[in-house]
Structures are given as structure tokens and as C-alpha cells.
């Protein structure tokens, strides 16, 4: 028989599609149900935050970082503040550090709730997991509202500490949440991790080998899912993470299922960290006073935190003026997308959706 | 002989429906529409079967012709490209028309002319009789038909297998 | 405990040892590599036992009015150290830097981003395109001299003349 | 008012003639197949009409035949469609006029 | 099955058997009107009664409202609760909203096919109810091949879905159409083979007779035919596009499948009739497998149609339940499930039933033997399901559901080098 010329045709997944997690578009070429090519198209949400930040003072830039990864504003605030503190040589008091850790870990819980819910939705669970995770996420956002006054874009961290001290009600409310959270994770474990259909849909899909993952600069759960033990909280501790006892979950063979169970386990570890931080919450000031128009000395700094999606780095260059000379964000979900083509080509359309869901992208962060 | 206002009206209605739909198969330019007309013909024939108190056959007609054959034809149309979805005639159309008219013209006078010995009362033909007949007298042809069906399915699968799938399978075997 | 941050001199010393003549200069923060031997140096750094820089943490460009810098934050996961390498480009009209995609696949998207916003062409990149902005967007917005669109146009789609420009406009150098 | 065997046979014949025309005249292989299906249906109608209305001791045989015809039609459709798809893949056409490789 | 009426009275006001009242009406019409009037009116009464008593309320209030409230509960949210008391008027508000909406026809669409597809979809949903027995005398058409009738009628909506998907001139629609056809053809085979087991036991294809058989033998066919029941449930949910198998409308993959280009009431017809088919499948399932309108003698006091309604809704609840909890399978997995899993099991089931049936009749055993058969078949079904899954390579214990845990960073963790975790 001669070579059959099949009929590939192009399908746009996104920018308006129920499961692209924002205005993100994948142009896939399919042959029947099988994908032969995939191309990412992004930039629909590009706001040029890096350029805007060059004209505002260091403190004024904190709200911008809320709006990059709008699902984990606390972590973004933290990364930026760390970079500026490193640049200006500012020490944060212990209480401020502990509050930062609590907030960052709560934010990780909230963000992973969202990630897991959306991922389960992508595999076709009809809204139930996403509703459950949103229910828990709301409780965390309540805590944020209690502390910072905002639920989504908190703008809570400040250079030198945090904006306000924790309110009196915070600790009992947070402990109440932590008491129920592990049982909720177990519930999710029963609903999804041990669900045969879920396993059948996600296991062996979008496999990334550890070599590929390292070479493509993946980070966070993507890297750990491939079996690479790398967590910046352990590797390069900031805000006193070295005081807390927690483990790094790593996956087995780097498929979508591994990334999912890694995220689920990370939520358990986060609960552990928050409990320890609450127990050992030091007194004293929560913030070092810095001048409003901070003028760090000439130089550059790269600070990174382990955001919910991976290595969230901020590269700030100062020319001695009140505004950063260069402000660059290393967005984890942008770089985690590098391997999307390798993950999707050869699979079916349904697998591509699962692969995209397992990356856990936030388009505000990709496009900035 | 079938009598009564209802059945007679049903006959004329069904005849009109079936023949018009068959005409639709001939004239519609879009192959997809032609298949939809063909489905109406199938349903009309099922109606005729009901009228002739062959309940089971009517149901089988709907399940197999409408549920399987017509859907398969639609599927095949979608698999072929848009350009070959027209329903045009070849140059032989006039000859075919002559053939069709000739068949009808020869057979219909013959039918009307013949002396049919018809029944006054209809025989009862329950499904169980059909089953007994199929597995009794006609058991050998029945077996043959099933073998034919199996052979046809296997043949169809072999025919449409693409070289890529074959290559993939060979690769897989080699990997083992 | 914690990542060991290499000084620029440390990295320069290693790079010079691996690929002689590959370092232009070095300071406390970073080692400035020569663009000619960049890919070779980077590959040597990645594969060397001592350096083991298998992970490209961050790649970005910066505009210093007279020159562009491309900054590479490279890292070893096993040895847990991090170093900063830089490449300087002085040609503002047509800045070209060799692409490190053959060394780290993770540079793929970040080089596209640097090209999109700075106009730095990465030679050897498999598919360099404007990843965020559309083809024909006038200018390179993260350059310091890009204050508004050429011709006094403000950003905003209704202000555009409608004809997309394929070529980047002539750059106004502000010294 | 009554309907006799002749009525059914006439309808059957007309249907058969239309089916014949479709099978002989159409350019598209799938359409040819549809003509064949029409003819088979016409004959089925005649068989059932005979079983119900004609004077015979083997009335059920008509039904048995219809079952066989339906079975064979299903088999035929499967093979014919597979052929059409295979021909299309090899030659990029389902036009029966152009598939003439057996001609010398 | 006319038989002796076992309900207490034949008075028209005895609503335990609604056929009493319809018979009164028809006899009255026969007395006063022309002779054809009763023929015309009787099917109308049947359909109107079925619609008013069952389909419409079920569809609107159990299907739309109940389903949304129940799924809301499962998802720990409230569900519709604004329109009317407890949000009970929500379905009506939705219908009004849908009617007001613009029915968009895309430019490249095949207009005629697009507009006829909903009609082709709705008509069988009404016709299906003709053979479902609601009570000893309450069935519109007790035809001897009711079971095959059901299968034949439910083959039609597949066609409508294909028409809908093809006509929309949309790639997602076409995907949905291809998927729905592939699914329907695959699952029909297993479904028919499974139902053959039932027919072998009861040796009839009339639904009323199947219910009578179950009543006489004091056993539900679900116990005699557990495999067939499971196969029926999965196949029905596959053909209905309910969630574990809703790949034809898979929202997260192909937007809305064959419905992508539909809007307004054209979409509403598809949506409403989806629930109608689900209810019909539930009614058919409870008739064939769960004893229909009979409930071990209770039907002599409780209206039988209420029993059927209750069973149908229980059955339907399981559909809602699976929808609320399970993720969706991929199309090749579904095909594998149909061809590699359900079809062999159905064939084995058929063989077993045939052997049992033969032994029962040849040896002249009493009716009590069905309980033995039931026990044997349930055990066999469990054994077959587990065993066949093992044969096909199902090893759940090899899937670790917890990640490994390590204390220290440092590159790739080889298997076995971790410090904790695992399943």
C-alpha cells in the first residue's frame, strides 16, 4: 500500500475554551483524535508590568506583583520584597518572617486548591472537585481578608516586613482551619487519587523525564513530579524556612498523576509548616521601618521563592534612584510551559487538556 | 387484503413518503442530504412492515438500517473530504434512467395482470415462530450468514487499517 | 545550608579554565562572557564536574542605554550553587547574541521573550518569534528609549494607523 | 376501501426502479451503495407483503428471507464502505468513473 | 396482559389504576361520538396522561430542578433557590429565558439539517414511552416486541446528534458527532447482548410480560442477571452522554460537542430531551431489572404507577450520582471498555443463562430454582468482573497514590532512595 495521506486539521483550543485557564491558546493540528502538532499562542493578557514598574517607586510596585500571578499574590509580594531587601540590605524582624511564612504557605494551600480543582475539571469531573476545593479556598481567602483587607490581590507584604500585624482573631481562625484541612485533603485523596477513572485518565499522560525537566528549567511540582528533589524552601531557605520541619514530595515517573499527587502532598506539608510557624510565632515588631521612597544602592539582586507553581524569581536592578532600573519576573508557569509540545504531541485531544491542566498555568503570570 | 380506513390511509401515506424520499435520494445534490432521505425511506419501509404485521422485522429494520447502516454511511461521508460529497450523476445517467423505467414498465403491468391467490385472513406470524424457523429449517444458512458477517467485519477492518497503525504494531512487537 | 552563590570571579575562573579566552571581564556579581564562545562555554560549564550547571534558573535581558546585557542565572541542583553569567551587546541597531537553547531547552521561551521586548536576536534559536506582542508591533518596548510609539502614537489599538509594520522602526538613541 | 398485494408490489417495484437508477447513474461510490440499499429494501418489502398477503403454506419463510437480506446488507455495507474509504485514501477520490485501474 | 384485575375496584375514581378513568372516557366517547373518535382519542389520552403525570413533572422538577439541587448538594453549594418557593419555578424561568434567546444559525451551517435535528431528537423521546408499562392495565401499546422497540427507538437520537454535529460547520461539533456515533455503535452491541440474557430467562420481549414474570417468580431480574444490569447501566449512561462517559459533549475538551453551535430553544430541546432520555432509560431499566410497577405484593394497595415513578427516580438518582462524582473517560478507554470488557462478559453471561435456562426446562425443575440461579449468577458476576479485569492487566496495587518524601534537596531521587511516603 502506498503511504496514506491523512487529513490533519487545525483546532484552536482557546483563547475562549472552557479549559484553557484564562486567555491562553493552543493551536493543535490533529489527525483524527491524535495530535500531530501543537503551538502555543500567548500574549492576550500582556500588560507590560516590567515596563510600568520602571516608573514607580519600589513600594508602589508591590501591587503590580499581585496582578501577575493573581492566584498567589502573597508569594509574589514575598518574592519581590525579598529581592528589594536583598538589594537594599534590609533585615526583617523574626515576627515579620514568621507571618510571611504563614501567609506564603496559606497562599500555597489556596493556589493548590485551585490547581487541583481545575485539573480535576479538565479530566472531566463535572464541577464537584472544583467546588469542594473552592469551598476550602474561600476559608483561606477569609483569613487573608481578615489580615490584609483583600481576598485576591492582597498587597500585604512590605519591604522590611508586612503591612499590618496579625489581628487577634487570626490565630484561632487559622487553627480552626488547620484542624479541618487534613481531613479535607484525605477527602480529596479518596475522591480523586484513588479514583480508577482519574488514574486511568492521568497516569502515563504527558510524561516528563527528570533529564528533560531539568534541562527545560521546569520548577515546582512539575520538577518534583519527575522525581527531582528540589525545593527552594529547602535549598535556599528564606524567611527562616530552615527552622521548620517538612518533607519534599517527589513523584515516580513524571506523569500528570504524579504532579497531582505531589501537589496534594505539598498541601499536607504546608499545613505542617503553618502549624509550626503558629506555634513558634515570635513577638516583637513585624516590620522594619524603611523610607517610603527607598533608594537602594546601585547594584542588582535576584531573589527567588518557592511559589505554588515553582521557582518564582525577581531580578531587580537599581541605579540608585527611587524606581527600579530593571525589573524582571521569572514566572514559573511561563517556563513550565516550555515542554507543552513534547507533552501533547502523540496523545489525543483529551490528553492535551489533561497535560495543560497538570502544568497549572496562570495566564496573568505568563503574559505579565 | 388489508381493510379498514386507518390501515389504508397509512398505506397511502407511507407510499407517498417512501417514494418521495426515494426521489429525494435521486435529486438532492448534497450527499449528506441524500443519506438523510435514505433514512426516511428506511423508516417508511419499517412502517410498511408494521402495516403487514411484521413487528419484529420493523424493529430490526429500524435498528439495523437506521441505527447502524445509515449511520455508517454518514460516517464514511464525513471521513471523505468535502469535495467528494456531491451527489452528481455520471454520463451514463440516461442509460440508467432507461433501465429504471424499463424495469418499472415491465414489472408493474405484469404485477397488475397476474392472478394472485391472496388470503382472506392473515396468518399469525409470531416472533417465536421466526426464531424456530431460523434455528430449525434454516439453521445452515443462518450459520453461513453469521460466518459471512464475521468475514465481512474482519475484511473491513483489514481494508481500512492505515499503514501507520500497522507500523506502530510492528514496532510494538519488535520492542517486545 | 542554603544555596552557595558564586561570585563572578569564581565563575570566571572556572570558565577560563574550561574554555580559555571565553571571559571578557568579571566583577563581584557576575562573569561577563564573550558572545563568540558563549555556547561552547555554557556547555562546558554545564558538563563540568565542578560546575555542574545543569539548570538555567533565569534568563533575562537588561538595557543600560549604551549596551544590552543578557543575564543568565545558572544553577547546580546536586551541589546547590548558583552563579550569574552575563553577555554584553553594544550594537543597538542589530543586537545579536548566540542562543543557549542547545545547552538548556529552558531558554527557549525566555529568549523569545527577550527578543520580543528588547529586540535582541538570539542566533541559533530554533524559532524566534514575538511571543507576547504581535508581528509588526512598532519597536521593542522594554528598551529604555522606547517611551512612546514612533510618530507620537500612544499605545491603544484605536490610535493605530492600521498598517502593521514588519520592520522595527529606526531606534532613537538617547545618550 | 382496501389495499391488496398488487399495491404493495407496485410500491416495491417503483422503489426498486429508483434504486436501480441511483445505483447505475451516481458518480459517488457511497451513492451507488445507497442505490443498492434501496433495491434491497424494495425486495424486502415484496417478501414481507407476500408472507402476509399471498396464499402460501410457508408464510414465515418470507420473514426468514428478510432477516437474511438484512444480515447480508449489513455485511455488504461494512465491506463496501471500507472499500470506499480505502480507495479514497489511495486515490483521493471516490468517483467510480476514475477508479479504473483494472482496465488495461 | 389483561388477566383478572387484581386491584380492588374498577370504579373510575379508583386512581390506583388510571386505566379505569381512561376506559370510562373512551366508553363515553363510544356511546356519544362517531366510531373512529375513540381510536383517535385513546392514544392522545395515553400520551397526554403520560406527559402530564410523569414526563413533564419528572422532566421539569426532578430532571432539571432536582438534578441541579442534588448536584448542588454533592458539590456543597445551594443550587437554584431564587425563583419561586425553594427555587421551584427555576425550570420554567429557564424555559422562558431559552425561548426568548436568539436561535443563531452560523453562516456556513447546513440550515435545514440544523433545524430538523432537534425535532428528530425530540420525537423518539416521546415515542419511547409507548411501551413502558405503568401498571397492570396501564400501557399505551403492549406490543410483543416492546424490548426491541425500545432499542430501535433509542437508535434514532444518535442520528439526530450526528445531524446536529455535522450541520454546525464547527470542528468541535464534528468531533462530538464522530464520538457520539462511535460510542453508540460500540455500546449498542454490548447492550443488546446483555438484554438477550433477560429475554432468555423470561422468554418474552413484551415489557408487560417481563414485569409479570418477575411478579410471578417473586424475584427481580437484577438478581438473576447482575451482569446484564451492570452492562445495561454502563451502556445506557454511555448512550445518554452522562458524565463518566460524556465524551460527546465533553465540556473541557470539545466545548459542548455536537451542541456547540446551538442556542436558544433549539439547544433547550436537546438539553430537555437529554433528561427525557435519561428518564426513559431509567424507566426501562426499572421495568426490566427492578420489577417495574410491582413491589412484592405492595402494588395491590399502592398505585402501581407510583411504584414505577419511585423506582425510576431512584434509578435516575444513580445517574445523577455518577455525574456528580466521576471524572470522564477518554474515548479509546471507552471503546476498550465496550469491546474488550463488556462484550466478552455479555457473551459469557449469555452462555451461562442459556445453560441455566436449558437445565431448568429440560430437568423440569420448579420455580424455586431461580433463587439458586440468582445466588450463582451474582457470585459468577463478581468473579467474572474481577477475573476479567485481572486478565486485561488491571493491577491497582501497583499504582502508588502517595508521592515519595525526601528530607533533603539534591537532584534526581532514584527509586528506593527516598526517606518515606509511598502508598
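We call the chains A, B, C, D and E, going by the order they appear; numbering starts again at 1 in every chain.
Here is the rule we use: contacts are C-beta pairs under 8 Å (C-beta built on N, C-alpha and C of every residue); 3 or more make two chains touch, one makes a residue touch a chain.
This structure is a prediction, so every number in the text was calculated from the model and none was measured.
Hopping across touching chains, the smallest step count from chain C to chain E is 1. Among the remaining chains, C is positioned farthest from chain D, on the basis of C-alpha centroids. Chains B-D form the pair with the most C-beta pairs in contact. Between chain B and chain C the centroid-to-centroid distance comes to 69 Å (mean Cα coordinates, whole Å). The mean-CA centres of chain B and chain D are about 6 angstrom from one another, to the nearest whole unit.
With centres defined as mean CA coordinates, chain E is found 28 Å away from chain B.
Chain A and chain D, compared by their mean Cα positions, are separated by 63 Å. Contacts with at least two other chains are made by residues 5, 56, 60, 68, 72, 75, 81, 162 of chain B.
Contacts with at least two other chains are made by residues 89, 92 of chain D. For chain A, the set of residues touching two or more other chains reads 1, 4, 214, 228, 230, 235. Those residues of chain C lying in contact with chain A across their complex are 1-3, 29, 54-58, 60, 62-63, 71, 73, 77, 80, 82, 84, 104-110, 113, 117, 131-134, 141-142. Within the complex formed with chain D, the residues of chain B that make contact are 1-5, 7-8, 11, 15, 18-19, 22-23, 25-26, 31, 34-35, 38, 41-42, 45, 48-49, 52-54, 56-57, 60-61, 64-65, 68-69, 72-73, 75-77, 79-81, 84, 86-93, 95-97, 99-101, 103-104, 107-108, 111-112, 116-119, 122-123, 125, 129-130, 133-134, 137-138, 141-142, 145-146, 148-149, 151-153, 155-157, 159-160, 162.
Chain A meets chain C in the complex at residues 42-43, 46, 48, 50-51, 212, 214-218, 228, 230, 235-237, 242, 299-300, 302, 304, 311, 313, 315, 317, 325-326, 328, 330, 334-335, 337-339, 367. On the side of chain E, the complex with chain C involves touching residues 409-411.
Residue ranges of chain C in contact with chain E, taken from their complex: 77-78, 80.
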